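Both complexes below contain chain A, partnered by chain B and then by chain C.
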Partner chain A sequence: MEHFRLFVLPFWLGAIFLLVTLLYKYISWFIGLAPDERRLFFRSLFSRSVFRSVGEVIRESLFHRKIWRTNKLLGYMHTTFALGWFLLIMVGWIETLVYFKGENVPLYVDIFFSYYVHPIFEHNFNFSLIKDALLLLLLIGVCLALFKRIRSRAMGMKRTTKHTWGDRVALSALWLIFPARLLAESMTSAVIWKFGGVVWALGEEHHLILPGIGCGSFLTNTTGEFLARVLPPDILQAGELPAWWFYSITLCAFFVALPFSRYMHIFTEIPLIFLRNAGLKSGEKVSSYDQFQTHACSRCGICIDPCQLQRDAGIVGVQSVYFLRDRRSGKLTDQVADNCLMCGRCEQACPVGIEQNKLRLNSRRERAVPVGENRYGYINGIDRSEGTGKVGYFAGCMTLLTPKILRAMERIFEASGEQVWWADKEGGVCCGRPLKLSGEIDAARRMMEYNTELFRKHGITVLVTSCPICLRVFREDYALEGIEVLHHSEYIQRLIVSGKLSPRFGGENFAYHDPCELGRGCGIYDAPREVIRSIGVLSEAKENREKALCCGASVANIAINDEGQRRIGERVAEEMVATGASAAVTACPLCKKSIARSNLIPVYDLAEVVANALPD
Partner chain B sequence: MSKKVIIIGGGVAGMQAAVTLEELGIRSVIIEKEDGLGGKLRRWDRLFPTMTPAEEVLDELKDRVQRSGVEVMTSCEVSEIGCEGRMVTLKDGSSLESDAVVVASGFDLFPAELKEEYGYKIYDNVFTTVDLERMFRNGGVRTVDGRIPKTVAFLHCVGSRDEKVNQRHCSRVCCITGVKQAIEIKQEHPDTEVYSFYMDMRMFGPGYEELYRQAQQEFNIHFVRGRISEASQTIDHRIQIKAEDTLIGLPLKMTVDMLVLIVGMKAGESNLRWSRCQGVDLYPSSFVKPKNLFLGGVESDSKHIFYAGTVTAPKNIGESIDEGIAAAHRVAQRLKEE
Partner chain C sequence: MVNWGYTITRVRRVDIDSNDMSYSRKLLAEFPELQSCIACGSCTATCTAGNLTKFNVRKLQTLVRRGEYEGVRKELEKCMLCGKCRLVCPRGINIRGLVQKLKKELPVK
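Presenting the complex of A and B:
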């Protein structure tokens, strides 16, 4: 206890509290994992995924590579806080080892090193220089953080997160830590500069420091000299210890607030990366792994700008950052859980890679009101299908409401000479995805089982649909082994490549809109583009492919009003007009309807433009 | 020098406004984009609720215009109103000076193609009320292959009170139009069954409710409360419709020979151009917003711009003609003050 001083107490207690809380949380979440999930994790420890995880921790938790891609200043700010602070602690630790020649000293000596030892840069390896440089970097980071409060636009963010009370406490403490450290180290250096002293614990060597030299390096030495010159001697002597108290208290405040604030992400991202690389995923039901995901959200707010609900419809407080916050604090409301297009644009932008849609879905499932037993009794035994063929066509409800698409598909099938089994031309049972998206998974499953049985009964080997909503559920949730599921864009592309279909090249300029469920949902970007290129000129919207806009009519949003949908759709239509193309082409009946309603540009489904280009 | 007023639009409201202005001793010029006067009335056969031939009204108005010596410029379109009504610019680039402008540019018909689920211009036997008027004028209602329809379904509120196509307003006159046409079909083909799908029947004018009652009691037209959700074409080119009868709470499906979409009134596309002029504001529906709904229904916030007819809201023919008179008197008073 040779080194114990009373002022280390706040830091010490705060650090212990933090450690115990983190361990308690992580261990209990880990125990809450399903046995096979735990097995996956343990198995991954002896595989290459560990190296991948370590690399990812360095890249993302320290360097924040993905944030650099959003904006350089924003990246710099996050890197200084994470990497800067980490290095400051590491350098301090090595320095302590060197100075105490490996002697076992308590952790607080590392943290408050300059108080105990008065390192001067004439001697030894110049740790002080490195530490001062890192401190300066961190102080610049704090300035940038302050600047971001005032002008977030300059840092690539039009909107930033509205913080909770716990976040504000932690945030204030974090911002105070580094100026407090600067003040404490400067005060010590000022006292040494004024009165002289010793370099306290260099093994047997004790170096005398004469007045007028001070300690620290370019930063703390200079500020120390400045303080020594301006402050009266008695204040200097009386002020040193309170400055260290202040530093210790800010650290304590941050550590205690951390588990209840956004800064929980600092540590949680690490186990998340390891578990994710071990193959864990969030699923249909709320699970313990979800905890790692929700707590790894740093509330950086990068998800807010891409959200079209905010940007075009003025709907705030429902974005992923707020959804995760509310879910974490147990205050999730239907308004927040349900008001989401699930377009996936935020997931695409999230620097932590949190599975936003899956989490929202399993929250919805938890909140869903179970439906009556007999509600879907009517589907038993219905079979309104017609025709025979190895190729089955499932129009889906939305295609039946946009008969031009259905007409076009009829022409395409006829022109290519394919024998087709029509699953639902005269009406059928829903694919189940809208129910699934509203959280009613058990009801959705009944539809899925019915349709699966129907497909099997008619012995098809290829299932074509022109609705990406149906496509996604067929691919993700149906057990259709032996039946190849294709979107009509892929199917038409095949027909063209194999020569069964030869549309004429007309040269018209088409702007293509990527439907969410087709693009981000199923990863189909090229097939529709190839088809368009075979009949005309393709124009791209400013935000396309993975970053494409949502049309606003998504069946996933069960809370939005019509006006909001209209405004989002109109924005997409404006983007289509801005390409200079003469018409917009999309590959989803819902997108077609919602872009068309603004009346700004003619909108066609891919099948329509292909059918129109077929020779009579 | 005598004052000159420009009337934009030579429909019923515009014609009457011009005639009244001349009666008050003010020169007026009608600028009409089509090749003749009459507006939408030119396409109509008979008028509700009296079944008066449209020509009777149209010819009388044209006569008045001719007698009063109003200058008429047809096939001529105004592109913009300038200087708060002291000038208009034409599509050909020339401009005309004026002392005041009466905007009587009317409405557009809702394009039924936007409700793709009803199959207009996709299926052979889906028509609009406008198509039906043409058939009445050209010798009778027939399906595409020339047969007399055995069953006809009317669907009310296509492009009215429908958020999904940005048409929240009620177009008012389509309810009674649907009733009139249903009766006309029955008069022409008494054996044809006529169904009419509605959400509300709004019989606001004199004699309208009486006609509606007649349609039910005398002509045995079936009114079903519920909207058609979708339509599809059968192999023999008939139309299969799905709807819900909300009074008995059951879904229904039927096949008809002909589906008639009762299209609503959409704000005139030119309203956006007028709104570029100071003093002209639009409602969210894009209809022009008059200065005061109670005390200034034909006035704008600009001293020299006045409104008449359906440019401000859906109206019937009588109301539009009356507004022509009202607007002319307001113009005359304003010009006298100056």
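Presenting the complex of A and C:
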């Protein structure tokens, strides 16, 4: 206890509080994991995924590589805070080790080292030089953070997150920590400058120095000299300890506020990376692993700008960052949970890689109505399918509402000479995805079972659908072993490649719109593009492929009003017009309707343009 | 009482004065566009569930707005939530949202 000073108490208590809280949370979440999830984790500890995780922790938690990709200034700011502070602590720790020659001293000595030991001011290398350089970087980071409050646009963000109360306390404390540290170290240096004292030189014994030299390095020594010249001697002496008190209190405030604020992400991202690389995923049901994901959200707000609800429809407070915030604090409402297109653009942009859609979906499931008895009992025994063939075609509700696509598919099947079994030409049972997306997964499963049985009964080996919504649920939720599920874009591409279908090249300029469920949902980007290239010229929208816009009519959003849908669709149509193409082509009946609604550009489904290009 | 083998036909009069309209009014406040419904029946005509069974979403919304909630919730469970109704609605009414809301809020009777 020889190093104990009263001012270390706030820091010490704050640090202990933080440690206990974090351990309590992480251990209870870990215990809450399913036994096989825990087994996965333990097994991963003896596999190569550990190295991958360590690499990822360094890359993402310290360097914030993904944020650099969003914006360089933003990346710099995050890197200085994370890596800069981490290195500052590490250098302080090494310095303490060197000074005390490996002797075990309490942690607060490492943190407040400059109070206990006054490193000599010299122009050669010493620890103070590194520490001052890091502190300077951090102070620039703080300035950037302040600048971001005023002009976020300059840092690549049009909109930033609205903070909670806990966030504000933690944020203020964090911003104060580094100026407070500068002040405390400068005050100590100022006292040495004014009165002289005992200083320590690397590899040597202590020196007694005269007034007018000071300690520290280029930053703290300079500010120290300034303070010594400006402040009267008695204030200088009386002010040193309060400056250290202030530094200790800011640290304490930050540590205590941390578990209740966005800064929980600093530590939570580390277990998240390890668990994720061990193979854990969020699922249909709310799980303990979700806690790691929701708490790893730093509320950086990078998900806000890509959100078209905010950008085009003016819907605020429902974006992923707010959804996770509300879910974390237990204040989630239907309004927030339901108002999302689940287009996946935020997930694409998220630097932490949080499974936004899965989390939202299992929240919706929690809030959904229970399945009633004999729900959808009326579908039993219904079979309105027609035709026979190994190839089955499932139009889906949306294609049935878009007869042009259905007619086009008929033409394509006829021209290619395929024998087709039509699953639902005269009306059928919905694929179940819209209901699933509303959270009623168990009820949706009854439709899935019905359709699976229908497909099996008719012995098809290939199932083609022109609706990406159906496609995704067939691939993700149906048990269709032995039946190959294809989107019509893939199927048509196959027909063209195999020579069964030979559409004429007309040279018309088409802009392609990636449907969310087809692109980000099923990873199909190239098949529709190849098909378009075989009949015309392909133009790309500014935001395409993984970053493509959503048409706004997504069945995932049951809360959005008509005007909101219209505005989002109109914006997509404008982007299509901006490509200079004469028509827009998409591969989803819902996207087609939504984009066509604004009447800005003719919109076709892929099947339509192919059917039109077929020789008579 | 003696059973004569015949009864009086159930009264089919709709008495809005005696119906509890409080929920209906609350619903209208949340879905103001419902007021613009012209009862064209497009929703019901395109309905996937309505194509397979007796399910009439136009009727159900009319019942709810009149304050006749009985049996509505049970009937709504037939909806598959595919969303075609919403796409064809000439008034842009969020019918899917309405169905989900009614399912959550109406009593199971």
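Rule of thumb we're sticking to: the second predicted complex is superposed on the first by the 603 of 616 C-alpha atoms of A that agree within 3 Å, B and C clash if a C-alpha of one lies under 4 Å from a C-alpha of the other, contacts with A are read in each partner's own complex, and residues count from 1 in each chain.
Here is the rule we use: a residue touches a chain if its C-beta (ideal position, glycine included) is under 8 Å from a C-beta of that chain, and two chains touch if they have at least 3 such contacts.
Keep in mind that what you see is a predicted model, and the values were worked out from it rather than measured.
Applying the stated clash criterion after superposition on chain A shows that chain B and chain C collide. Touch criterion met: A:Val429 reaches chain C, while chain B stays clear of it.
Of the two partner chains placed around the shared chain by superposition, neither chain B nor chain C is touched by A:Asp234.
When the two complexes are overlaid on their common chain A, residue A:Arg407 makes contact with chain B while staying clear of chain C. Look at A:Lys593: by the touch rule set out above, it reaches both chain B and chain C.
Legend: residue contacts after superposition of the two complexes on their common chain; A:Tyr378 is shown touching chain C, with no touch to chain B.
The wider contact with chain A, measured as residues touched, comes from C rather than the other of chain B and chain C.
When the shared chain is aligned, no partner comes close enough to touch A:Asp616: not chain B, not chain C.
With both structures placed on the common chain, the touch criterion links A:Asp562 to chain B and to chain C.
Only one of the stretches 23-31, 221-229, 257-265 or 275-283 belonging to chain B has C-alpha atoms clashing with chain C in the superposition, and it is 221-229.
Chain A residues in contact with chain B (one complex) as well as with chain C (other complex) are 400-401, 427, 562-563, 566, 593. Every residue of chain A that touches chain B in the complex is listed here, in rising order: 400-404, 407, 427, 562-563, 566, 593, 596-599. Across the complex, chain A meets chain C through its residues 334, 338, 369, 372, 375-376, 378-379, 382, 397-398, 400-401, 427-430, 432, 434-435, 438, 440, 443, 447, 553, 555, 558-563, 566, 590, 593. For chain C in complex with chain A, the residues that touch the partner chain are 33, 46, 48, 51-53, 74, 77-78, 80-84, 87-89, 92-94, 96-97, 100, 103-104, 108.
If you check the complex, the residues on chain B that touch chain A are 114, 116-117, 119, 122-123, 163-166, 230-232, 242.
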